[in-house]
Structures are given as structure tokens and as C-alpha cells.
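Heads up, there are several structures right after this.
Two complexes follow with subunit A in common, the first pairing it with subunit B and the second with subunit C.
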Partner chain A sequence: MEMDTYKLQKGNLERFLQKLGEKFVVHAPVESDGVVAFSELMPGQESALYFPRTHKPPKDVFYPQTEVMFHYEKDITHSAEYKGKPIALFGARPCDAKSFVLLERVFIDPKYEDPYWAARRNNALVFSLACNDPLPSCFCNWLDGGPFSNTGSDVLVTDIGDAYLFEPISENGESFLSSVDMLKKATKKDIEKAQNAKERAELSMGEPPKLDSLKVSLDALWDDPLWDKVSSKCLGCAACTYSCPTCYCFDIQDESRRGKGVRIRLWDSCMFPLFTKEGSGHNPRPTRKYRLRQRFMHKFSYFVEKQGEFGCVGCGRCVSFCPVNIDIRNFIIGVFQTAQGKGGEQ
Partner chain B sequence: MKNAYIPISVRVKKIWVESDDKTLRTFDLEFVNEADAFDYMPGQFCQLSIPGKGEAPFGIASSPTEKGFLRFTVNRVRVVTSALHHLEEEETIGIRGPFGNYYPVEKFRGQNVVIVSGGFALTTLRSLAVYLCDPANRGDYGGITLIYGARRPGLMIYRDELEEWEKKDDINVHLTIDEQVEGWNKLVGFVPAIIKEIAPSSKDSWVMVCGPLIMIKYTLPVLTELGFPPEHIYTSLERRMKCGIGKCGRCNIGSKYVCFDGPVFSFAELEEIPEKI
Partner chain C sequence: MDKLVEKIKDIFADEKLELLIGYTKGTLPLRATPILIESADDAGKLIFDFTCQNNLARYLVDEKKRGGDRRRVGIIAKGCDARAVVQLVLEGQFERENVVIIGVPCRGVVDPGKLRKKLAGREIVNFQVNGEKITLFGNGFELELKRSELLSDSCLACRYPNAVQYNYFIGEPAEPLGVRDGYASVDEFEQKSPDERWAYFEKEYSKCIRCYACRNACPMCYCEECFVDCSTPQWIGKGNDLSDTIIFHIVRVLHTAGRCVDCGACAAACPLNIDIRMLGKRVEKEVTERFGFTAGLDFETQPAMAAFNENDKEEFIM
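== the complex of A and B ==
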């Protein structure tokens, strides 16, 4: 079914978000102390839609950085799954919207469903905002994404100057949009403007390298000195994993006082030695080389094996935030060059 | 689907000290509510949970053929295991599971099974031995051999039970210690050397081997020499774990999660994974 595209004058955005807030808890990018991250949009608060890519990825909307799993008192436990209104995420970028599809495969599998993820993610609406001006660190187009990709979105929003276009992607998106009176049907000219913006944005990102053979090349380079080279400047700070929209590893900890307490889960990172250090003192990943290899292999080999595609959406945050400029794109190119070099020698 | 992170209440039915250095204790647990009882298979593990202290994974040492209790043997290492060692009978704790896969007992049908173990890694292999030797199952399998070594007699777990098994004719038990001590009238020598001596036939046979890495390292070549293909040699792996359900991301070896795809792997599977065990 062909669904109508809608249009909202920019001046009406606040009213639209209020309307959205009647049914949903609205999360949008908000600037605070120079950091732009997603948080619940309070009445009258301005969203930072002008910002190209939030510092913190929006995964914490569905998967909070710290989250109570259950409360307990002696032997009695009370699960603390989210019970609030459905969540609407407004202004996620296409890369981040795609990350939800990848995370969903981890949290919801045929054998085990993560109830904390499901409670927030189910019935949520994702309005993603297309990127008219991709950043130099962006590489979503390497990974089957693009600045106007709609994977993981219910509605794709495009800034066309004085207005936003709302293109429904899912039926849930369409059914919400069709219930909002202030939206007008977009004209042919509006749609043309969006189409032009899309072409411009895609062109600006250049031609991506083909990653079809990346997994095979990586698997063949398990013991290659390449890993020593790329990890030699890694500080193990975990800026990459905390800013990554698809990193999902977590720790579970207890906090208690006098028989009462909570079990919480927190984002964790494969960059930390304690991540795998065992009770005996043995650590199967003893150095930063092992840990960095784990991160890159997980994204570009293990995730492919388990979930059928790369565990990276090319948002470029790790490229921007790495304090020693480890650029995962250069690493990928390096893998191809090394693999080719090896092939040539044989 | 039920929330797999919420522990179920179990009561400590019985506790005893398992080793003379007192670092190992065995716990028999029973469900507070019988309705919570779960089915499991030899080789699976559970997370034992102590509110305020946390959780740790342990292989189930009882067999599903033994009704009314779940058995675990716990080595005291740090926070959770120390808290477990301080438990008293009748106290309640939490349990989650059973998690992971199990020893491929379906593949053993009509075949011989050799169980090789060292130190306190006997836990899930005890479960397997009891399962295979259960009167309801014993007829389905050929010869069952157990080769078990410990540094000294006092560190040998389930010793009374093993000595009972020595008298039975449905399982061949070979117990060994590293060096001769007074009063020991069984085998002396490291596990790999003992396997070489006993030389179990690899024909229609499967080996399950669990123990310290160093034991496994020297056992594998002996088994290969005896003609066991890697597809017929299985082990159970350990890694630091949190969730137990393949989500928290830390226990992987290559693309396999030990908690979800394992903990039981054949060496043929492990050879495919470049990351070392």
C-alpha cells in the first residue's frame, strides 16, 4: 500500500510534539552542558534537532545505561520492568534507527527474551530525522545504510527548509500520522525537495568500499601483526563502546543495605580487563590487543555469523571520540590491504 | 516468556565440606515451591544468586534421574562463593537456570563412554555418570569408564560415592593421585599417563574430558593417539559470565557464547574457533 507523505510547518513542531506526548513519552535530542543526548522532552523544552549526531547514541532510551532489574527484600523479588506509557523517539538519525534492529536481534531471540528491553521497545514509535549534511566521520553508506535510510524507523522525517516532511514507513507510523490534524499532505514539489536533499547527501558521502569479503579477510588475519599495530595506541578507555549505538554488553551488580536492595544492570565494555577476568585470576583477554580484536571481530565477524549482518551502523561516533584517533574505517581498509598483500605473497 | 533474570527460591537442604583443605563445599538444594522445579540435563549449569552479593555460575552435579534435590560443589574464590560457603542448612538463596547445552547423550546410544576428569571439575561429569548408570538408561549404553585424578586423596571430590562405584560392575572406575601417599592403594600418576596405561578403545567410543587446562592440554594428544577423532572428544568450558542467556556479551570464544552455545563443545567445534580456550 502506498502511504501518503505529510508536511509540518516548522513553527508547528512544538504543537506536534505535544500531540505526540498525549499518547507517548517523547524522547528527543536535548542539549545540556554542551552535550547532546536523548532525554524525555519536558513541556516547553526545546529539542536539539539542529544537531547532526547526538554525542550519546539513543540506545539508552530502550536500554538505559543503568537500570534496576528487580528489587528484593529478603527472599521476595519484585521485577522492575518499565510500565510507563509507550515511548516515542523523535529525531534519531537513520544510523541510530538501524541500531535498534540490530539490538533487537540480540535482546529478543527465540529462546530468551529480554523483558526490560521488550517493555520499552514494544509499542514504541521511532521518528528518524534524515541527514541532509552527513559528517566527515559518517560511514553509514559502507554498511547498507544511508543518510536517508529508513531501516528501523516508523516515520522518516526530512528537513526541507521551512517545513518537515513526514514519510510513514510502518503501519504504526502511518496510523499515528493520519490521526494528527495539523499535518498536511505534502505536495509534489515538497517531495522533490526531499529527493534533492537525499541525492545531495548521498553524493557528499562518496563511493563506499565493498565490504562483502571483510569477514573472510578478518577471519584469516586472526594472528596477524595488524592487531599489534592497531592496538598499540589504544588506551582501553572504552569511549568507543559507550558511544556506540550497537554495543550492548552489560554487567549485573547488586546494591543492598540491611537485607533490602536492588539488582541492577549497567553498560559494560569489552575494552576493560575486568570484563573477562575470572575468579581464579586468569584472564582470557589479557592485553588491549586481545580486547580490541574482540571488539572489531565482534562487529565484523561474530555478529555476521550470529545475526547475518555487520554489527556496526557506521555512525562514526567511535571515530570522533577516540582520544588517540583509532579510525575503524582505516582499520577496515588496512584489513583489505593486508589480506591482499598476503594473497599476493602466496 | 518468563523473565530469565529473576532467581527462583531454593532452600539449602544439606551442606558438607568436600575437600580436606575446606575450599570445596557441596550443597544439596530443594525448591521452596515445588511448582518452580525445572528439568535439566547433565552438563547444564545454573546461576546461584545471593541477594546483595551477586551471582556466579556452577555446573549442576546432580543427575536429572535423582529426584528432590539439585547438587552443586562450590570452590571458594571471592565474594559470591565465600557467601555460599557461609550458608547454613535451611537458609534460602536464589537460582536461575538451567542454562546452556548438555553432554550429547543421544549420540552415545549403543556406544561406550569414557569420562576423564581432574580436580573439582568432576561436577557435571558426576551428573553424566549417574545419568548413564541409572537403571532406566544403563541398557542404552555400552561400557562406561571413569578416569579421575586429584593432587592427593583429600582433594578428591565425591570420594565415598566413587569408592561405592568401584564395587559396581556397570562402571569401570580408575582413581589416581599425583604422588604416592601412605594408605593409598589405587593408581598413582597424572591423568594423561593413566589414560595411556588403561588405553580405552576408541572404537564406538566417546570421551568427555573436564579438568584444569594443563590436564586437558596433555590429555588430548593421548586420546588422539588412541584413535579418538576430535568429533568424539567433548569438554565443558568456563568463562566469566553474567546473564547466562547469551546477551551480556562477555563469555564468548570467537562467535560462540559459552553460556548459550556451550558450555559443552566437541574439540572438532573448538578447532574451528581461532580464539584459544
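== the complex of A and C ==
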């Protein structure tokens, strides 16, 4: 079914978001003291749509860093699943929108459904905002994404100067857009503008390297000295993991006092020594080399094996935030070079 | 730069180094990255300039963990790196005879967090330095700044831009920038009411995501097991509850009291630009005033927290 593309004058954005707020809890990028992150948009509050890439990824909208699973008192438990209105995410970038598809594969497995993720994610609408100006550290186009990719979006929004174009991607997106009176049908000229912006943005990112053989190359380098080299300067912090839209590992903790308490789950990081430390005291990943290998292998080998694609969307946050400039793009190139150099030995 | 490379090659041979910790060009403009080289043949990769922000002394602690395999190490050291090395040696973390300190003059280093703040989400592809001015070039924009606007706060108030203790010194010693007095920012902050100060810390630390980049970038945070990682017993909650987060930061500051060399590595490592330095600087001031001790200046003076002197001020004891 061919769906119409709509247009909204920028001046009407606030009214549109109000309308969206009637049915949904609206989360959008908001600036607070220099940090831009997704949070619930309060009436009259301005969203930071101008910001190219939020400091924090939007995964915490559906998967909060700390989440109460249930409260308990002696032997009675009270569930704490999200019971609010459905969530609308406005202004996620295409890389971040794609991250929801990847996370969904983990949280909504054919056999197991994570009720906490599902409670927030079900009936949610994702309005992603196309990137007219990808950043130098962006590399979504290496990973089957792009600045105008619509994977994971219900509506793809494009800034065409004085207005936004709203292109419905899913039926949920279309059914919401068609219910909003203030949206006009986009003209041919509007769509052309968006098309030009797309071409410009894609061109600005350059030709990506082909990653088809990355998994095979990586698997062959399991014991390679490459890992010593890459990990030698790693600090072992979680700046990469916690800024990553697709890292999903968590820990579960009980916080209790005198028979009362909460069970919480919280983001964890494979970069931390405690991550795999066993009760006996043995740690199968005793040094940073093993931990860093786990992070990279998970994204570019294990995730491919289990889910059929890379567990990275190329948002570039880890590139920007790593305190010692471990650049995952360089790592990928390094893997190919090392694999090539080893070609004769295999 | 060639001079640095040539000198390092000589030192590598003369000192029979097995490892050299230095900086090389990073993948982003204005970002150098640490490099650990095992052969003089790789010396050509080394650089030193105002983008070399990380405190390299931190890697000595990694070397120590190799136990019997540990190597003879050379380290390129700004004033603060060298002070951290001295402090590590004093604390018995590394043998003096196994580390060759190669001092380099530092005229301040870029704080990546400040750079990000100035760029408000944009990124640059290039830059040009012209005396005290720096021009940043991005896709479709240009931004001219004073160089000092990008330098770490620690550098602006730094009194020891050159290694005080060293085996070699390459280049002409630098003058302190003297943009700010040592404790000016702390003194100013102390004028505020307790409520205002609390509001400030609450605002800053509520941004914390507990990634521990600050701790892990710190050369003085070398505990085998950090108290926040300990699970038996578990000292603090692991979620991002503000009280737990603040306890982490307060304990870290108390733990580095009299040991912190104010290199600014913690603040520079923070992905969210939290003002981590304020508390630490306040504690440093306390140590200086009370015990007349400055960390990392010589190999003889016992650190303030490890020494007792009957002349120590004790007016706080009833």
C-alpha cells in the first residue's frame, strides 16, 4: 500500500507534540546543563532536535539504567511493570531507531518475552529524525544503515528547512498521522527537497568498507596478539558500553532492609571485572584483553551468529567518548588487515 | 617532533627499555591516544603536543600487574604524569629503578569534554593553531576560540608544567600558564551557602552513569578491588540512585586525598562532563594548608596521610 507523506510547518511542532501527547507519553531529546538525553517532554518544554546525536542513547526509554522489577515485603511481592500510557519517541536518529530492532531480538525472543521491555515497547511509536548532517564519527553506513534509514521507525521525519516531512513507515505510524488534522499532504517539491537532503547526507559519509567477511576474519583471530595490542591502552571503564544503544547486558540486585525491599535490574558492562566473576572467585575473563574481546566479538561475531546481523548500529558514541580514543572503526579495519596478513598461514 | 623521536631512540637503547609509554596521533582531531611501544623502531609514531591529555602513569599500574614479567619502562611525562609516577613509587607500586621518567614541557592539554561542550553536539574535521588562537573546522562551520578555552581546568591552575623528578628532559621547560590561581575556583565556591553548594553537587552528580571512566583514568585509583565492585560485603547500591552515586564520588575523593596530583584525567574522561574536580581540589587545599604537603614532588617526603608529625595542626581534636 502506498502511503502519503505529510508535511508540518516548524512553527506547528509544539502543537503536533501536544496532540501526540494526548495518546502517548512523549519522549524527546532534551538539553539539561549541557547534556542532551531523551526524557519525557513536559508541556512547554523545548526539545533539542537540533542536536545531532544525544549524549545518552535512547535505549533507557524502554530499558532504564535502573529498573525496579518488583517490591517485596516478607513473602508478598508487588509487580512494578510499566503501566503508563504508550510511549512515543520523537527525534531518535535512524541509528538509534535501528537499535530497537536489535534489542527487540534479545528481549522479545520467540521463546521468552521480557515483560519489562514489552510493557514499555508495546504500542510505542518511533518518530526518527533523518540526519541531514552526519557527524565525522558516524559510521551507520558501514552497518547496513544510513542517515535516512527507516529501519525501526514508524515515521521518518525529515527537516526540509521551514518544515518537517513525515513519511509513514509502519501502519501504526500511518494511522496516527492520518488522524492529525494539522498535517498537510507533502507536495512533489517537498519530497524532492527531502530526496536531495538524503543524497547529500549519504554522499558526505563516503564509501563504506565491506564488512561481509568481518565475522569470519574475527573468528579466525580469536587467539591473535591483536587483542593484546588493542586492549593494552583500554582503561576498562564502561563509557563505551553505557553510551552504546545496543549493549543490553544487565545485573540483578536486591536492595532490602528488615524484610522489605526491591529487586532491581541495572545495566552492566562486560568491561567490568565483576561481570563474569563467579561465586568461587574464578573469573573466566580475568584481564581487560578478554573483556574487550568479549565486547567486540559479541557485536561482530556472536550477535551475527545468533541474530543474523551485527550488534552495532554505527552511531559513533563510543568513538567520541572513549577516554583513550579506542576507535571501533580502526579496530574493524585492523581486523581485516591482520586477517589479510595471516592469509598465507591459514 | 623529530628531536623527541631521536632522543627516545637513544634512551631506548641506553636504558635498555622494554616498554615505552607515550602518545601517538589519535583518530579524531585534537585527540592524541596513548601508545605502548616495545621497540625503538616504533618511536617514529610518538608525538607530544597539547592534545596529549591522558595521564600515562596509569599504565605503570597495569605493568605492575604482570608481576615477575614486568618490564623496564620508559614513560613520557608531563608535569602531572611525573608527579603521579613519583607518588606511585612512594606508595610502593613501582620500583624507582625500573621506570625511566622522560620529562616533556607541557603548555596545557585539551580537555575533550570542554571541546564537546564548545561544539554543542557538532564535530570537527580539522583545526588550526595560530599563537593563542585556535580555529576549529567542521562540515559547514568554523569556530575561533582562545586556546585556553579548550584546556583542562587543571592546566589553567597548574604550578608544575614540567616534570619535577625525571631521568631525562626533552625540550625547554615551560612556564606555568597562570590563567587561574591554584585554589581560586574552590575559594569562590566556598563563598556559596551550603544549600547552593549541595544543589551544585546534586546537579553535577545526578548526571553520573556510573561508567567509572573517572576512576579508571586515574593513576591513583589502583586498588585491586574498588569498594564499589566489592560484593561481599556490598558497600553501596549499584543502581543510579543519587545517594549511592555521590557516595562513590566522595569516597574516591577521600581515598585520593593527599595523593591526587590534579592532572584532570578524571574530568577529561567523563563522557558527561561532570565537574569531578571541585571536590578533589577542595581536599587538596585542605592537605596543603594542614600538612604543607604537595603530592608527587620528591621521592623522600612521606605522603601526608602516611606520616605523623607532632606539629600537625590538631585543633579539630577536642
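Note that the second predicted complex is superposed on the first by the 343 of 346 C-alpha atoms of A that agree within 3 Å, B and C clash if a C-alpha of one lies under 4 Å from a C-alpha of the other, contacts with A are read in each partner's own complex, and residues count from 1 in each chain.
Assume contacts are C-beta pairs under 8 Å (C-beta built on N, C-alpha and C of every residue); 3 or more make two chains touch, one makes a residue touch a chain.
Fair warning: this is a prediction, and the values are worked out from it, not measured in the lab.
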Superposition on subunit A - do subunit B and subunit C clash or fit: fit
First (subunit B), second (subunit C), both or neither touched by A:Leu235: second
Touched partner set for A:Asp251, first subunit B, second subunit C, both or neither: both
Contacts of A:Asp212 with subunit B and subunit C, given as first, second, both or neither: neither
Subunit B versus subunit C as contact partner of A:Phe321, first or second or both or neither: second
Partner chain(s) touched by A:Trp222 [first = subunit B, second = subunit C, both, neither]: first
First, second, both or neither for A:Ser301, with subunit B first and subunit C second: first
Which of subunit B and subunit C A:Glu81 touches, first, second, both or neither: first
Subunit A as apex of subunit B and subunit C, Cα-centre angle in degrees (nearest 10): 90
Touching partner for A:Glu22 - first (subunit B), second (subunit C), both, neither: neither
Lowest C-alpha to C-alpha distance for subunit C against subunit B (Å): 6
Common interface positions of subunit A, toward subunit B and toward subunit C: 251, 253, 255
Residue numbers on subunit C that touch subunit A, as the complex places them: 26-28, 31-36, 54, 58-59, 62, 112, 116-117, 120-125, 138-140, 203, 207, 209-213, 215-217, 229, 231, 237-241, 265, 268-269, 271-273
Residues of subunit B defined as touching subunit A within the complex: 1, 3-7, 9, 32, 51-56, 77-78, 81, 92, 94, 238-240, 242-243, 245-255, 260, 274-276
Footprint of subunit B on subunit A - complex, ascending: 69-70, 72, 74-75, 77, 79, 81, 106-107, 109, 111-116, 219, 222-223, 248-256, 259, 261, 263, 265, 268, 270, 275-280, 284, 294, 297-298, 301-302, 305-306
Interfacial residue positions of subunit A with respect to subunit C in the complex: 33-36, 50-53, 55-56, 65-66, 133, 135-137, 204, 232-233, 235-239, 241-243, 251, 253, 255, 264, 266, 269, 272-274, 319-321, 323-327, 329-330
